[in-house]
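Sharing a structure with you now.
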Amino acid sequence: MTGLDTATLFAWCGAGLIGIGLYGFLANRHMLRRLVAFNVVGSGIFLVFGASGARRADLGPDPVPQALIITGIVVALATTALLVALVIRYADLAGRATLPEDEPGDDGKE
Amino acid sequence: MTGAIFDIVLCLLILAVALAAILGRDLFGSVVFFIVYGLLVALAWTRLGAVDVALAEAAIGAGLTGVLLVGAVARLRRGGVVEPTPPRPLARGAQMGICVLAAGLVGAAIAGLDPDAAGLTATVAQNLEASGVGNPVTAVLLNFRGYDTLLETVVLLVVLIGVWSLAEDRYWGGRPGLRQHAKPGGVLATYGRFLPPLGLLAGVYVVWAGTDQPGGAFQGGTILAAVWLLVAMAGLVDAPPVTARRLRLTIVAGPALFLAVAVAGIFMGGFLHLPPEHAKQLIQTIEAGLALSIAATLALLVAGPPQRGAR
Amino acid sequence: MILPALAPALSVAVPLAAAFLAVVAPRPRLLVGVTVPAMLAVMALAVLGVRQGGPLVLAVGGWEPPLGIALVADGLSTAFLVATALTIGTVLVVALPQFPIRQNETRAGWAFWPLAFLLWAALNAVFLSGDLFNIYVAIEFVTLATLALVALEGKAKQVEAAMRYAMFALFGSLAYLLGVALLYAAHGTLDIGLLAQLPAQDTASLVAAGLITAGLAAKTALFPFHAWLPPAHAGAPAPASAMLSALVPKASFYVLLRFWFDAMPEAAGAIALQLLGALGATAIVYGSILAVRQNRLKQLVAYSTVAQIGYLFLVFPLAGGSAEPQPWTAGAWTGSVFHAVSHAFAKAAMFLAVGHAVLAAGHDRMSAMDGLTRRMPMTAFALGVSAVTLMGLPPSGGFTAKFLLLTAAFASGQVLWAAIIVLGGVLAAAYLFRPLARAFLPDRGRYGTVPRAQQALPLALAMLSVVLGIVSAAPYDFLQTGRPAAAEEGLE
Amino acid sequence: MNQALPLIILATALVPSLITFFLAEDRVWVRNALNLGGAVLKLALVVFMLAEVGRGQVYQTEFELVPGLSLVLRIDALSLLFVTLSTVLWLLTTVYAIAYLHGGKNLPRFFGFFSLCVFATTGIAFSGSLITFFLFYELLTLATWPLVVHKGDAASIRAGRTYLGYTLTGSAILLVGIVWLESLTGPVAFAAPPQLAGLDAWSLRAIFLLLIAGLGVKAALVGLHVWLPQAMVAPAPVSALLHAVAVVKAGAFGIVRVVYDIYGIALVQEIDMGLPLAAIASATILFGSIRALTQHGLKPLLAYSTVSQVSYIVLGAALFSQTAVVGGLVHLVHQGLMKITLFFCAGVFDERAGVHDIDEIDGIGARLPWTSVAFTLGALGMIGLPPIAGFASKWYLGTGGLEAGQPWVVAVLAVSTLLNGAYFLPVLYRIWFREPGPNAAAAETEGPAMLLAPPIATAALALAAGLFAAAALSPLGWATLIVERQYAP
Amino acid sequence: MIVSGPLLPFAALALPLLLGLLAAVPAMRPRVLMLLPIAPLPALALALSGPTGEHTELPVLLLGVRLGLDATGAMFLGASALLWALAGVFATAYMRRTHKREVFVAFWCLTLTGNLGVFLARDAVTFYVSFTAVSLPAYLLIVHDATREALRAGRIYMILALVGETSLLVGLIIACAHADSLVISQVRDALADAPGREAALALMLIGLGIKAGLVPLHVWLPLAHPQAPTPASAVLSGAIVKAGIFGMLVLLPAGAGMANWSLALVAAGLGGAYFGIVAGLGQNGAKAALAYSTVSQMGLMIAAAGAAPLADAPAEFAAVIALYAVHHGLAKGALFMSVGVAGQVNGRARHALLAAVALLALSVAGLPLTGGAVAKTALKSGLEGPAATLVAASAAGTALLLLHVWVLLRRSSAHGSRPGRLLWAPFLAAGATALVLPWLLAPAVGVKASYVLSAANLWSATWPLLAAAAIAAAVIGLRIGVPRIPAGDLVVVAERMVPPAVSRRPAPSHPGPRRGMRRLDPIDRLERGLRRWSTAGPVLLGTAVVLAALFLA
């Protein structure tokens, strides 16, 4: 991938998104924020995946990564849906949307 | 050249919005930024020539995920859940550092890729004829790698069961989600009456077109789900109880149909084998079934577990 | 010879169909009664097929890789399939009275059944898949089914455990997916068999290897990414715990094994492999120490899983990393598989037995064990027998595994790992002592009981792990069917 | 037949064990018939085999588990020595246990594990390879534990913990040694000792130490013996099992195998391990005796006595002398007969008069004369007084020590004899010459024949073993045969 | 069981053993004492039939039993068997009323078997087994009355016996190991130049010396003999202690190499002879004084046995010693029996008894014409120089000591019941035999009557008696008090020095279950940290990065 063609550009962009998303995934404590970050990382990965399949402008975009990405997007949605349900249920039960060990000032004592 | 500049700007924008979504002080703001981000990424996909993905990203990645998250934020607000304070700077620094390293590594890997690697584009093109469909992405999704898709649809089923099983025991047998009370004659109610026929049409088209053009069961199913949700929000329809036989049949129908075809394939040459002469019809049948189940499942996922008492 | 060739497809299709039926027509007794024997028959087919015709490779839909997905049933995957079938089969029968569906359908009583069948299908999908992306889908499938089962009890603690698990699991998925993306970008294929034939020393492949390894390690609950496991596994209902602890971490480990020995046998650097071994070794010690400290039965058993998983990772320093097959690699490789399988039986048996003890006592404090040998001798016996396997004592599959690993450790001059393996057995005894000893105490207070037929099932499962040790020659040979080149040299 | 007989003999213990586990508590007769039947059948088979092996017959069965891990059953003269002992004592102990535990709780469990222990012990004796030995050795560890904790009180549990802690650690060490050795030589079979001569001496030493340390736990070498006195909380038949029939014997037997059938005594000497082993054995002999002197309870005293006595076997194996190894091997049997007598009697004292401590035994001889006679014979035999069996062991050990050029061995024997006298004689004195204490006064008369017959039988056997030591089929005669056949240079 | 060779030696041992077992049969209990006189009869018959030179072998017993009889052995055997038989008769009357007669009889028989076995054994193991069989069952004879004193005596006896057994065993083992044979004659010959000879000899002498009452190993004698019932005292002092001497005679190798040992033994023996006299004079009880007399007499025999290896004809000299032992055994046996008789006799009969005792005492002191004179003269013939003189002179001491005994006996009180013939007869028989038998046996050991009756020998036998009479007169006339010496002399000192037995520790209090788990708190903290995603996540990502970096490296 010499030069800054479109595919490489978006692949780099994907790498950047992965970095940003991971930070959000690690640093945030609110479960919904983590979910947002998770989706950012996911789409970053898809971008890397898809962009790498679009390197050969002469051949057109590779359909295999596209199909895989669509599958991945659906899986990500499914995961998000389950997590959202978990978070909501947890908020109902525990009154918060963070894990106990992530509560400020909490030593993780049970 | 303008394309390149556009791409660069788009990339920067995507990164900026992503940052905003991650770092935003307000959770709701973050979610809104995330939806915007999803749309921008969909745009990027079109720039990469991947229209199917762009559709999926817009409908599912930005649309449905956004709806889920917005709904969740609303529920948490209603429940009075407070946001935690941000972590200490030291921890943040370490986390940030390691993320930068990771991104750098990925970047290095990208930089090291062979620019001329062709992937499977040519192989797909060669076999497109036998797949029974004209859209190579659909060919991969439903024929070449139909097994992935079969599992994927079942994943949706798993998640739906998982979401339902988060219901309170006393609400089992009730209807999913909270009862919607749209103002009669309000915007929502109006749209609720007006949009469904159009949406239905659009959804069916996207599914049907998917065999030869961008689109397919997932994208189409998402549109159908959105339509139903809108109608439900308008208070015009209500979800059937989770114990209802027809509801369960609906969510299972698609995957079951897919599986039936797959197993039937065994007698026609192998597991999931679609004989080229019938491939198109079979795929359309599967897509139709899947679209129905996907639509129902996605809508129910957004609605959440039953939160109302049984009749 | 069409019948054995059907086995891979049916291994996934049958439990899927059962799951669909369980959603629509929840009649567990009937479903279990049909599915379990059917699956055992399928397993028999698979075993027969692999024994007679070597590895079964099935191109799904008739599309050969790289375009299509191959299902591979060789000795390794069939072993995991069979272990899964026996374990889940037993678990489901045990679960029947615990998740009944009567006049009024209940939440957990309904949800458990499709989830269990779906987990079964998902696990089989993982074990059969020869395609890295397909594995991603399958493993996500496993994860999501697991998440739902972890939260099945529906109390704050379980939901919390599920969320925590999700963090690790999602990260693992992301890392794995990124690795897969990079591999595809580099090689244009995701088929394990094809990848094995390609050079894999480019940056993308190696970064991918690191990501995939770390991601799967998190899903396998390797120390120090294990902390999610005990609350998650201990919180679930006993039959669910049995499946989760016995099989779910094995799925991701299985993929690691496939990845390192089939897909990229030459990519591993010695230091990285030693690092994995070191984490495994730490897991053994650390998990055991924590298990000793637990006051709740299920927590203890769950920490035991953390420790036992450590053994699996010793396969990397012992058998991996060498382009040239070494005389000991087959032993180490087979040993780790033996360990995985016998641990599956033993851990499932233990969770089921503990579950019965807990049911009878009404709580899962240590005192639930009091007088167990008298009240429920078969349950106590099942616990004892599975403990034998976990300690790696003869005659059990655990011992055979340990012996093979030890032999490899000495043969390859890695005595440190040998010491850890041995120490692990002693530590296992240390944490299992308390519950087992209490079983001999007189019982105080009032206890219920569990029907004998129910008690017999965990015992049967536990005995399986012993049988695996007594007749280990056949499984050993079977495992070698289609084994990866890197592990081919054995102690003949 | 050559193939099947070892398996049949193993089955005579295993089958009753497995069935017993699943018998209901109240099916006493079935249980007893099963266990006794198994024991009698086994005895008959062993007697048959004794004759055959005496004529030079060898029994061997082998099947591979995984590469490098084969189950080899091979019966040589040494196997039979151990098996005969354990078989005879099993039968007697079963009889005794039926009477002793009559009406107790959890008996199916007890007898199930008991027979399982015997199965494991038989397996140990029949092991034709090192790894087979290990398999059964571990099984023995496990099968014994439920017996140690049988009573289910806090002390039993504690003892069980110590027992498991020591034995499992020991087996772990043993396993390391075995695997290390086999990684150098390939599978080690007793019949065809590996070629070790060319290997690095330090590795050989390290492996030797690992093996001995692992076996030494069960053989209760000093420092590794702690579990044995604690395990005394178990019921008397269990003590009999631990001390005479199975456990400590398994350790000592293993050490003999390692020294003679794996390393070969010449090599052990060459790598300078013979003397240290003999020294440890001697230290154990003395240590056990000294500790026994200060014991308050009867069973702890007997336990420390075992610590001391079992090391005679080890000592015999460690000396570079045929005579010494005869002494060691024969002590395997002699100690078993004498010690089981003592434990049987201690059990009767406990059962009939509630005697636990030595202080409580005063004048018991008047109330329980036959038991006391048996006890006396056992104790005197332990001291080494002729013509009870113990003296023959000492004689051979001493002579062997001198043959090996280690005259200090004789001193150890002498001191040990004196110490044995010092702790046993006062007990005998109290039994026979003190005025009956409260326990004796309140004692019941001597109990059922099934409780009384075993100790008398074992005491008589111990006496006969010494009295007819020179007979060909006496333990001594058999031990000599073993050495001549298997270990003659 | 296969016996080769003559059956009588086997029967001599088997009969007492069988009778001992018979004693345990309940039906036998009323008449159990009747067994005692019968038990030694085959042995007596064997001794009377004399040495045959043939061996009896029982290869399956022990490590192969080998029995035989030579001249020396025959004398020991005969005298012992006779004494046992007479004491047995004595016991039938004397023990009639005691408790647990069956136990007494059983152990009597067992001891007897051992005692006879010592003389018959021709292999080391049988010798050792017999030696033990005579040592340990004798304990039961000593403590039979179960008084506090008897039990103390028994305890001390047991300790010493055990030490003795052990020493003997070790000594024998050393010797046998070198000989590579168990046959005693070969063992003895091999011992002459065995590598561990000194140790073996020392140990064997300790073992034999304890039995033989070698000072300072004699301490059990004066304690045990008075405490045992009288018939038991008689055999203890008359027969059992002889096992030690016999052992020395058969086990000490001959030859110049033994010079040092010989000297030591002679010195120790003579020292013991005089010590016994002194200590005996300090006693208050007749039996204790008699026991010291035995110590003294045994000292003479030990001295002789010590000299034997250097003698020109050791075997013949051994026979001479045997002759001395025969006389002493019977005489001492009779003297002990007299104590028993004295306890039950009054009036004229008592005077007769005292006269008989006096005669026996003088015989022991070597009064010419008595059997004692024969024995003593014969013994002196084998000794040279100062040793001979000292032996001769010891007769004075012996006379004094026995006078002391006589006085004590005269003072003792009687319980008045009339003693039966069964008490008198064995006493008289033993005494008479002691006076006569040496004369009959002397030719067989090469001692002619003319030699005994030669003037020089008569004088050397007489002057010590005269000296004794003079000293006695002086002591009595001047009322010199003899300091009292506690019976058991040295052991009494030792008892005071050693704390009362080794105390047993109280039952160990088990330490509670370990509660040291709190120290592991850092682990808990670590686990909590690892559970926290904001910690574990970066670690996980870091691992991925590190792994990738490692692969790349």
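Structure notes:
Letters A, B, C, D and E mark the chains in the order given here, with residues in each chain numbered from 1 onward.
One rule holds in what follows: a residue touches a chain if its C-beta (ideal position, glycine included) is under 8 Å from a C-beta of that chain, and two chains touch if they have at least 3 such contacts.
Since we're looking at a predicted model, the values are computed, not measured.
Looking at which two chains touch through the most C-beta pairs, you get A-B.
The central chain of the assembly on a C-alpha centroid basis is D.
Taking the mean of the C-alpha atoms as each chain's centre, chain D and chain E sit 36 Å apart.
With centres set at the average Cα position, the gap from chain A to chain C is 27 Å. Measuring from the averaged C-alpha position of chain B to that of chain C gives a distance of 31 Å. Put simply, the C-alpha centre of chain A and that of chain D have 66 angstrom between them. Residues of chain E in contact with two or more other chains: 531, 533-534, 537-538, 541, 544-545, 548-549. Shown for chain B are the residues that touch two or more other chains, namely 87, 91, 95, 98-99, 102, 105-106, 110-111, 113, 117-120, 124, 144-145, 148, 152, 155, 158-159, 162, 166. Residue numbers of chain C whose C-beta contacts span two or more other chains: 67, 133, 137, 140, 144, 147-148, 151, 154, 159, 164, 167, 171, 178, 182, 184-185, 203, 207, 210.
Applying the touch criterion to all chain pairs gives A-B, A-C, A-E, B-C, B-E, C-D, C-E, D-E. Taken in their complex, chain C has these residues touching chain B: 6, 8-9, 13, 16-17, 19-20, 23-24, 58-63, 66-69, 71, 104-108, 110-111, 114-115, 118, 121-122, 125, 133-134, 137-138, 140-141, 144-145, 147-148, 151-152, 154, 159, 178, 182, 184-189, 202-204, 207-208, 210.
On chain E, the positions that touch chain B within their shared complex are 534, 537-538, 541-542, 544-545, 548-549. Residue ranges on chain B touching chain A, taken from their complex, read 3-4, 7-8, 11, 14-15, 18-19, 21-23, 27, 30-31, 34, 37-38, 41, 44-45, 47-50, 52-53, 56-57, 60-61, 64-65, 68-69, 71-73, 75-76, 79-87, 91-92, 95-96, 98-100, 102-104, 106-107, 110-111, 113, 115-122, 124, 136-137, 139-141, 144-145, 148-149, 152, 155-156, 158-159, 162-163, 166, 216, 218, 298, 301-302, 304-305.
Across the complex, chain C is touched by residues 18, 25, 31, 34, 38, 41-42, 45-46, 48-49, 52-53, 64-65, 68, 71-72, 75, 78-79, 82-83, 86-87, 89-90, 93-94, 99-100 of chain A. Listing the residues of chain A that touch chain B in their complex gives 1-2, 4, 6-24, 26-30, 32-33, 35-37, 39-40, 43-44, 46-48, 50-56, 59-71, 73-82, 84-89, 91-92, 95-98, 102-104.
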